[in-house]
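The two complexes that follow have chain A in common; it is paired with chain B in the first and with chain C in the second.
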Partner chain A sequence: MSRKNGNYTNNHMGDAAQNGVRDSLAPEEFDRYSRQMIVPGMGKDSQLRLLNSHVLIIGAGGLGCPAAQYITGAGVGTIGIVDGDVVETSNLHRQVGHATSRVGMLKVESLITHLRALNPLPNYVAYPFPISPENAAEVIRGYDLVLDCTDNPATRYLISDICVLLCKPLVSAASVQKSGQLIVLNCPPAPQGLVDNKYAPCYRCCFRKPPPAGSMVSCGEAGIMGPVVGTMGVMQAGEAIKILASGLHLPGSEGGNLREPTLLIYTYELENTIGPFSFRALKMGGRKKNCFACGENSTLTLEGIKGGDPNYEQFCSLPSAKHTLPAEERITASEYNAARISGKLPDGHILVDTREKEHFSFGSIPGAVNVPFGKLLTSAAKIKREGGAGHGILPHGVAEDAPIFVVCRKGLDSQEAVEKLKELGMDNGGKRKITDIKGGMQAWKEEVDPTFPFI
Partner chain B sequence: MHVTTAMQRSQITCHSANQAFLLSKNISIPTSILPVTMTSSNPPKGHFNILFFAAAGSFTSKHVESLPAPLPLKKLFETLEERYKGIKESILDHSLVTINLTYVDMPSGEDDGSEELIIKEGDEVAIIPPVSSG
Partner chain C sequence: MGDTTASTPTMTAEVEMIPITVDFSGGLEMLFSNQRRHSLEIPATDKDGKPCNIASLIGYLCENTMKDPRRELFVLDDHIRPGILVLINDADWELEGEEAYEIQRGDNILFVSTLHGG
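This part shows the complex of A and B:
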């Protein structure tokens, strides 16, 4: 292994083999890949296409780890991995390419260590930084196919746009909590502007607009089941191997072989343990005529992207409906605690904790009752639609004039909850006080109880 | 990665087989774990099923619901907005819509001359917001 310009390269196959196109298998490769090469449809030519291909995996997390394992196992010649993060303990239940002993190490370095142990033959290239509009084209240019294993809308749009402009097939997967999505985009790749309905869509053709900022939750915030994201990552590798083995990524492969673009959705149900598996394959359309990136009048260029046009961060952080409440409707966690200890909280008050019940199950402020935010919104909408007293939102037995305090995880949902309760008239025209606890349970841990099990 | 409607049917079969098994063994199923699944049973007469995936399911607190059919596709969002205030801006505006497992373009409002799509009795509509994490 030599280290050049921050890249790890593996030169044991010799430079000639790396730079030229391989037309035969080394004995070691013949043995290693034998079980996949004899599968109907594979054979020597397909294996050589894998050996001669360059695959870029963007994101070395819950999708990138399992995807990289199978890409590596299959004998892809050059594997690039992009990620600027370091390994954390809370990654390990799903990010199977890392290890307890490598917590704190750069993810790209940790994952390549794992991959090299699986298969020392491929050439590994590390990009230990996040993908950005400034570096994306340069990083992606040298590869035949890209796997989007990232974790936010801005990079998903960026990667798709660059893949359109550089004519690269893109295998995109995503997963959060109990849901997974997988779609092959821009494959076979076709130049920007060709739209007569026989070309494959890009990410923007499928998802024209990003969700409002704040409505998107990350795996860190919302949680993620390991096998769900793992399944999506493994399937991503499966699609990539199929494309490379059949040469669908090579120039001139377009035309005649447009596969029906399909969005695969996986829903994993924890609540319904005897239920069936739930996979759905949805037929997607082709390229959209008016697509911002690949459509016929697109003005998107590599130079533009590099120079900040479009602005991905701004595009993905459209104003959200979140408000900040006025100061008199808020109290800090330490003020609440001081009042609680000195018995100065108003008589008969109720403390509503709007976190999900799973979070609540690990601990709460003494006396708190759990009304999960989602349920609160649904009940509020139902009351508005069908009429009825707003009071029904609260547990039975709460006095109709009891002052209400609201706390959530980090202090945003609770403010929205206060507004919802007021909209339903539960403040009795201002006579009943409804107060938000600033900064939620995160602030409670910081200001009041450092031992609180905050997740 | 093709899972077709045939697969959907087999899911339902497998699902009922499960129930049949449980019934044959005289095992009672607590109502709390009765299937509330994406592989929904047929909607009642005069209705279509609508499935809410990912964030759409969190917003509505349900995976599936039956709504009266027929319904013009262009009325779908306002029908949902009446039931779930705020769902249009929070979820629908950036989601994919499918009818019977096939993507449909949402009508843009102004008359573009294209034929009006009508959601029919027995159809299965799905609301699919993007998932971004990984």
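This part shows the complex of A and C:
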């Protein structure tokens, strides 16, 4: 806080947004925001709307960090950050609001430290816990606009439902591996139940049902490129600033310049750097009459949500068919290793590692051959369809009766692979042993080799 | 650009074929030979002589274009699985009649799986 200028006080600068509506800029603000205020369409009124607004960023990760930087830089008056996690080293390639020196610190504290250095003027509010059905309405209520920077579908449906009920615009983005998506929802906000095409959709209008649990991948499992998620987060901030500066979040703005709801998708190529497209703007429908959350007969209420209705976890975890092999078809990582070092593994055996080739490239159990899971399933289906020997799945030169061990990353794919190989008759009616290594390379690292480069 | 020539059914010799492009995004391309754009020639009518619509295109893709056996990641109970958006010439399919939309020459159909990470 600058003390050089006598014409404003601490209160005027810091807490004013909570105490009343600001109608003038302090000299320091005038200087700091000058380059954005002179952009056509901005000007003093737009800047004052930013200063008077309250933005909530849910998630201080790959989306939340870049989003928060630009929200902060632009001079939004009050910035709330929600996240229950702590900073990990594996976050740092993309979560640019954290730092190596702050590994282990709560993400909200780490990010606010970064933001204060960038701009000391806004009010920062820390919510160092995950958003939940019990706390969501209380946290969101005091804000003008919400950025969904979270990482799972249950939370995304929850946040959207609360934003519908509290009439808050929601800027939602998501990103995994080499893809990103962005959509502005519920903007301008309209009360639940108003339906005649001119109202904006909510998350449920666009994404009625979540994908089956088994088909989803997280950044932790599937990986994520920093610039992809960063681009999406920056664009979230861009949309939020646009909405706030133009007052589209304010009550009674329904007649304003309502845009066509648009889902922006971004695809980033690694294998083929001259891919046919990278950004696409897709036209989405408006609010749906029969939407569970915002539609005309919706029974969704804040009290219901708080009390566990609907059940978001259940809604988003439709059963996926995963099973466990019988004990005689499994071996632990340490048992396998003991047999390996004492020379007791069966003669001529083969160890198949079904992880993706990128994972395999960092290391494997000595002697393992890489047959990625997707490739194994595709070959198995082809053999089933067109006939031929199941043996073709394995590398050349493997004896037809060689016992097979299968290992994967965490122990699920390998069990399915064992079943597939048996389906193809590769167990020779039980004469050839096909064995799963329990818990995959994760277990190998825990039980056998703590230095193994497991990702 | 991906140029795939899909194997074409040979049930009737004179079936008219229509050229379309089919795109996959959000990870779905993994199920389609890791190729994001497929230029296809599909039969203008289905087995019963009805014009090809999105529902029959989905069946066609499963039969002819998808090499990965994990059908359930694309189709569930004969419909596109939850969590996949279908866009017809860059507009949400519900604006166009969903599965009943009759495919036109030169259409672009995009299948995109919704993402949740961040």
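To be clear about the criterion, the second predicted complex is superposed on the first by the 421 of 455 C-alpha atoms of A that agree within 3 Å, B and C clash if a C-alpha of one lies under 4 Å from a C-alpha of the other, contacts with A are read in each partner's own complex, and residues count from 1 in each chain.
Going forward, a contact is a pair of C-beta atoms (placed from the backbone, for glycine too) under 8 Å apart; a residue touches a chain by one contact, two chains touch by 3 or more.
Here the structure is a predicted model, which means the values were calculated and not measured.
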item	value
Fit-or-clash call for chain B and chain C when the two complexes are aligned on chain A	clash
Partner chain(s) touched by A:Glu386 [first = chain B, second = chain C, both, neither]	neither
Chain B versus chain C as contact partner of A:Leu263, first or second or both or neither	both
Touched partner set for A:Asp196, first chain B, second chain C, both or neither	neither
Touch count on chain A, higher of chain B and chain C	B
First, second, both or neither for A:Glu328, with chain B first and chain C second	neither
Chain B versus chain C as contact partner of A:Ser278, first or second or both or neither	first
Which of chain B and chain C A:Glu239 touches, first, second, both or neither	first
First, second, both or neither for A:Ser175, with chain B first and chain C second	both
Doubly contacted residues of chain A, that is, touched by chain B and again by chain C	59, 61-64, 149-153, 156, 173-177, 179-181, 206-212, 215-219, 222, 224, 229, 232, 263, 265, 267, 271, 275-277, 280-285, 374, 377-378, 381
Chain A-facing residues of chain C, complex	1-2, 23, 25-27, 30, 34, 36-37, 67-70, 72-73, 76, 81-85, 87, 90-92, 94-95, 110, 112-118
Of chain A, residues touching chain C in the complex	59, 61-64, 149-153, 156, 173-177, 179-181, 206-212, 215-219, 222, 224, 229, 232, 263, 265, 267, 271, 275-277, 280-285, 374, 377-378, 380-382
Complex interface listing, chain B residues touching chain A	1-4, 7-8, 11-12, 14-15, 18, 22, 29, 33, 35-39, 53-55, 58-61, 63, 82-86, 89-91, 93-94, 96, 98, 101-103, 105, 126, 128-134
Residues of chain A touching chain B in the complex	59, 61-64, 149-153, 156, 173-177, 179-182, 206-212, 215-219, 222, 224, 229, 232-233, 235, 238-239, 262-265, 267, 269, 271-285, 321, 374-375, 377-378, 381, 384-385
